[in-house]
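One structure below.
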Amino acid sequence: MFVLSFLVRRLAQGALIVFLVTLLIFTLLRVVPGDPVRLMAGGMAPEALIEQIAKDMGLRDPILVQFGRYMGGVVRGDLGQSFVRPASGASTGGSSFGDSTRGERAEVLTLIGETLPMTLQLGGLAILFALVFSFLVGIPGGLAPGRWPDRVAFYISSIFISLPNFWLGIVLAMLLSVQLGWLPAIGYGGFAYTILPAIVLAVELAPVLIRTLTGSVAGVMMEPFIAVGNVRGLSRSRIIVAHALRNASVPLLNLIGIQISGLLGGVLVVEFIFDYPGLGLLTITAVLQRDFPLIQGIAIVTSAIFVFINIAVDLIATMIDPRLEY
Amino acid sequence: MTGTPLLKVRDLSVGLETGGGIRPIISGIGFDLAPREILGIIGASGAGKTVLSRALVNWIDPPLKVTSGSVIYKSQNILDLPAQKLRTLRREIAYVGANPAGALDPTLPVGQQIVEKLRAIAPEVPHDEARKRVIDLLGAVRIPSPQMRYHEYPSQFSGGMMQRALIVDALVSNPAFLVADNVTQPLDVTVAAQVLRLMRELTTRFDTAIVFISSSLPLVSDAADQILVLAEGRVVERQVTKALVATPQHPYTRELISQIPKIWTSEAVAIDPPAQSREPIISILDATRSYRVRKRGTFASYSTVRAVRNVTFDVFPGENFGIVGESGCGKSTLMRLLSRLERPDSGHVLCDGQDIARLSGKGLLKFRRDFQLVLQDPFNSLPPRTAIGAIIEEPLKTHGIARGEQLRDRVLSVMHEVGLPGALYDELPLGLSAGQRQRVNVARAMVLEPKVLIMDETLSSLDQTEQFKLLKLFEQLQVQHGLTYVYISHDLAMVRRVCNRVAVMYLGEVVEIADNSRLFFDPGHPYTKALLSAVPTLEERRYKPEDCLLEGEPPSPIDLPPGCSFTSRCPNAFGRCHQQSPVLTARGGKDLAACFLVENTLTHAAA
Amino acid sequence: MSVTETDIPVIPVPTQRGASVARRIWRIALASNEFRVGAIIFTVLVLAALLYPELSGIDPTKMSVATRLHAPPFMGDKWSWTAPLGTDQIGRDMLVRSLVGLRYSLFIGLSTVVLMLIIGCSLGTVAGYYGGRVDMVIMRLTDAQLSIPMIILAITVLGVSRPTIPAIILVLGLSSWPVYARVTRSVVMTERKREYVRAAEIYGASDFRIMVRLLAPLVLPPIIFVSALDVARMMIFESILGFIGLGVQPPTPTFGNIIADGRKYLLNAWWIATMPGVFLCLCLTSINLMGASLERARNRIYGGKS
């Protein structure tokens, strides 16, 4: 009963968020200067033809009308078709405007469907790496505030947070892949290709997790029930494992929820560097090609992922700490 | 006491390690505790009571340090035992503290945690049996429906309920002795009285000796066989309870006893009642205020908390009006209505004949000047990062009353008046004691030269000595500035001392309004009687708790049942009380009470 | 804090009479090694960025075939003392290019954070203070913004329009304020319930006065400390944009575009991509060390509560 009403409320809120995001991106794309038709048709195309194509595609209608039409499609599960990509796969160049009729262009949903699993695999592995590392560094730091494990955690997080992901990606690719040949780096040819990008993402994600974990563990250890636990006869290991970590995991979970969008941002860059065929790479090419429907579709999907993950996170947090009510 | 002592404390000293050495907190403490004895330890705050209570269970963490002495239980010094050995001893040594809300992990059910503790110290008890024992004990401490409560979380327990659960937690392993540190401090008097009664019963049943620590001598004297007086970290006196109260030896004890307010043995009202012919300065007319809260785990259904219900009374200029009641009775909401932080849903609050809900702009500012409030929590009520002078200046600046040197002079003179050294002007409130903070609060209110001061539990966080001094200050200010005070408090002894008239609130309603002496000597409402019976005092009790109060706690103010709201705890309740709610009825003079028994007496008298 | 603790004396933080809180935080932070290390590195880098390019007289955009692909001293076949970090594929001096890049990076980072602070703190304060509908609207807005990765938003706008410096600052600032709004809101919400705010209401202070005189001095310091760390974060984003080709456009050197260029020559001239990165990392680490030490100092004074 509780779970059901919670889900209904959160899904309604989530739908609102996704709607706002769509509206935001849609408006931005149309307000910001730069004509996609010009890019599709190529620089040589005559002005009249460009106008014609734009009219055919409905790009000259008022923004609200366009948005209404678009949302109508979204509600039916139709995210539209790419401006530039043919259904066969590789993106078309500007000169082929003559033959890129509507029917041949790729469905946005298909394009996202092909790349999303790759990105989820990368993101999942990155979170796993980041969590394991943060636990190893952050928990000892939180249990010994002011002493050396705390300082180690402090320095590690300060340095990690200062490593730009794209630069780290290049350096690691050069060292681990080119020089040492331990891991494959560029493109995708099996699970091993995920590891290096995931490490880069994990390094980006870990510092915040470490700081939060150190802080929340140290905070929980100051709670009266921890001190009293000892007097009540519980062993220190039991207090830490069963109570301190349990309580400290709630802020960590919330943080992961918030960090998801940051992670997706990182995915974008890392996939670009490693030429990893995921959603991030798709986004960058879509932006560079001014492929409006694809950008919109990706924005909807990423915000939906964000919404779902946050619902899941809050649900887990409520199960851990029944005082929380979302 | 007879026989071999259970616990021997010898030359125990604990110090605080600071950068420059060790500052002693308690020193040279020594006493014996016999089996089944209840030993009370009393002392002012800062005397080292909590440190001593923790030392007894070997809970001294840095920067505190045991500097000498021993705590010997069963010929072992528990201060020297390794952690492993000590843990097996924990089943015989139990501890209950003053912070029931924080004592258990908020994320796990209460019952489960007590079982966890029992099985940690007594692994041989099988899980099912442990569970059964916990449920039995929860029932034994009169927690209603223990089967269900077992699975509930700490946040679902009220303070009194949680303290009972912690007593279960302490007694579940059948300990030989129990250290109870200030257990009743966070509780309302009527609940505290119940908990105290319960502890006495249980120790007889379990043969447990208790070290009972409190800052309230009346409480300790109710509970303990012998009392040990602690002052500045040293034992200054130990006597059998009756003897200590009757013939205190040490000057400190004598002072302590002299400061305990008397309720029935002396005429304690500080000021003369003002002339009654004048118009009321505050009138509250049939005011009601409800809040809507979303029901837990529902989509869009709300329940109504009726915080203040149909409250009517007048306060006259120069009066000291008291509003008493326990937590959740609607005092704070009433304060918010009186000070126009909120407006009533229905009814009116009049100040000088004007409806304050309608004030705005200049009129509102004028009202704000005349009408000030001193709040309860000395730590929350001052902005932590503003210097004291600046805090007191703010009201003047807000009203544009003074500027420049003049501003500083006015602030300094108010500080002087409330007894704050001028040197504190540029200090942050960080290092101030609770008493000093309350003086800053009073200064901030007084600087506007108001006509009415509302004291919202202003003194409840201070110890007796500080309370005493501040009450003196209030009296002085009243004489000098002709103030009207409204005291909102749960402390009946304080109210007895300073208020001319008193209103008693229960679950959002005023159940009785009476003159000071009538209220204390001839209360008209059974709840007033119950409150009076639970007041900690050294005097002979006029009302016995056993006769005046049933077990249980006030019902939730959400969706109140029909009838009189006190029915569930009233020893005199009869049929009609369950269906109808009595209204305030005159019972001679201007005194009113909302009870059918009053009506009955009157009709009988008339007949 | 637990009530049981009342008997245990609180160890007072040594206070200097009249010293302002900010100054005390500053003093504690200054005493820590981490802060000193950070401050020294940062000062050296900033001084170098401000002075070296002009003093050395080297033009960061001047090509020279003769000095193509010089390695840093002793690290390759071709090198010279005049180019301590080597030169790139068209003979431009890497040190000067990196330092000029640092100027842009710092300027954009700082301006962005100021913009974020202004928008985020004002909206957050209003939301936390008034609650209710106002809060609802502002929070849904932040939810929506937080749910799309800011980098997607940024590259969308910059990719479709032209990436100029004001556009970059505006886009980064407008897409990252929600974090500040959230933090401010939550602190304001807790502080608002405290009794001193009630006391101020009762002596007649207006909402604006309470927000500005009472809440701002409490709420802003912790957030300004967080913002020091965000300067570093925004510098990273600026360099990411440059790397993708959506930052300040060449020939103006930025960390991003230098590294992007150098990536093509990674195998025979590793220094082009790595050296500016080392510079950037050094600068970011110094800022992060200072920011984190300030944060720690603040926590020491206020016992970890914001």
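Each chain gets a letter, A, B and C, in the order it is written, and its residues are counted from 1.
In the analysis below, contacts are C-beta pairs under 8 Å (C-beta built on N, C-alpha and C of every residue); 3 or more make two chains touch, one makes a residue touch a chain.
A quick note: this is a predicted structure, and the numbers were derived from the prediction, not measured.
In terms of which chains touch, the assembly is arranged so that all chains touch all other chains.
Two chain pairs, A-C and B-C, are weighed by contacting C-beta pairs, with A-C ahead. Centroids of chain A and chain B (each the mean of its C-alpha atoms) stand 51 Å apart.
Our note on geometry: chain A versus chain C, Cα centroid distance of 22 Å, whole angstroms. We define each chain's centre as the mean of its Cα atoms; on that basis chain B and chain C are separated by 48 Å.
In chain B, the residues that reach two or more other chains under the touch definition are 97, 99, 102. Among the residues of chain A, those touching two or more other chains are numbered 224. Among the residues of chain C, those touching two or more other chains are numbered 2, 4. By the touch rule above, chain B contacts chain C in their complex via residues 16, 18, 23, 25, 45-51, 63-64, 97-99, 102, 181-182, 185-186, 339, 341, 364-365, 368-369, 371-373, 375-377, 380-387, 394-395, 398-399, 426-428, 430-431, 441, 444-445, 448.
Residues of chain B touching chain A in their complex: 57, 59, 61, 83, 87, 90-91, 95, 97, 99, 102-108, 116-117, 120-121, 153, 155, 169, 173, 296-299.
Interface residues of chain C, counted against chain A in their complex, comprise 2, 4, 34, 140-141, 143-153, 155-157, 159-162, 229, 232-233, 236, 239-240, 243-245, 255-256, 259, 263, 266-267, 270, 273-274, 277, 280-281, 284-285, 287-289, 292, 304. Across the complex, chain A meets chain B through its residues 1-2, 5-6, 8-9, 223-225, 227-228, 230-236, 238, 242-243, 246-247, 250, 320-323, 325.
Per the touch definition, chain C reaches chain B in the complex via residues 2-9, 11-13, 15, 17-18, 21, 194-196, 198-206, 209, 213-214, 217-218, 221, 302.
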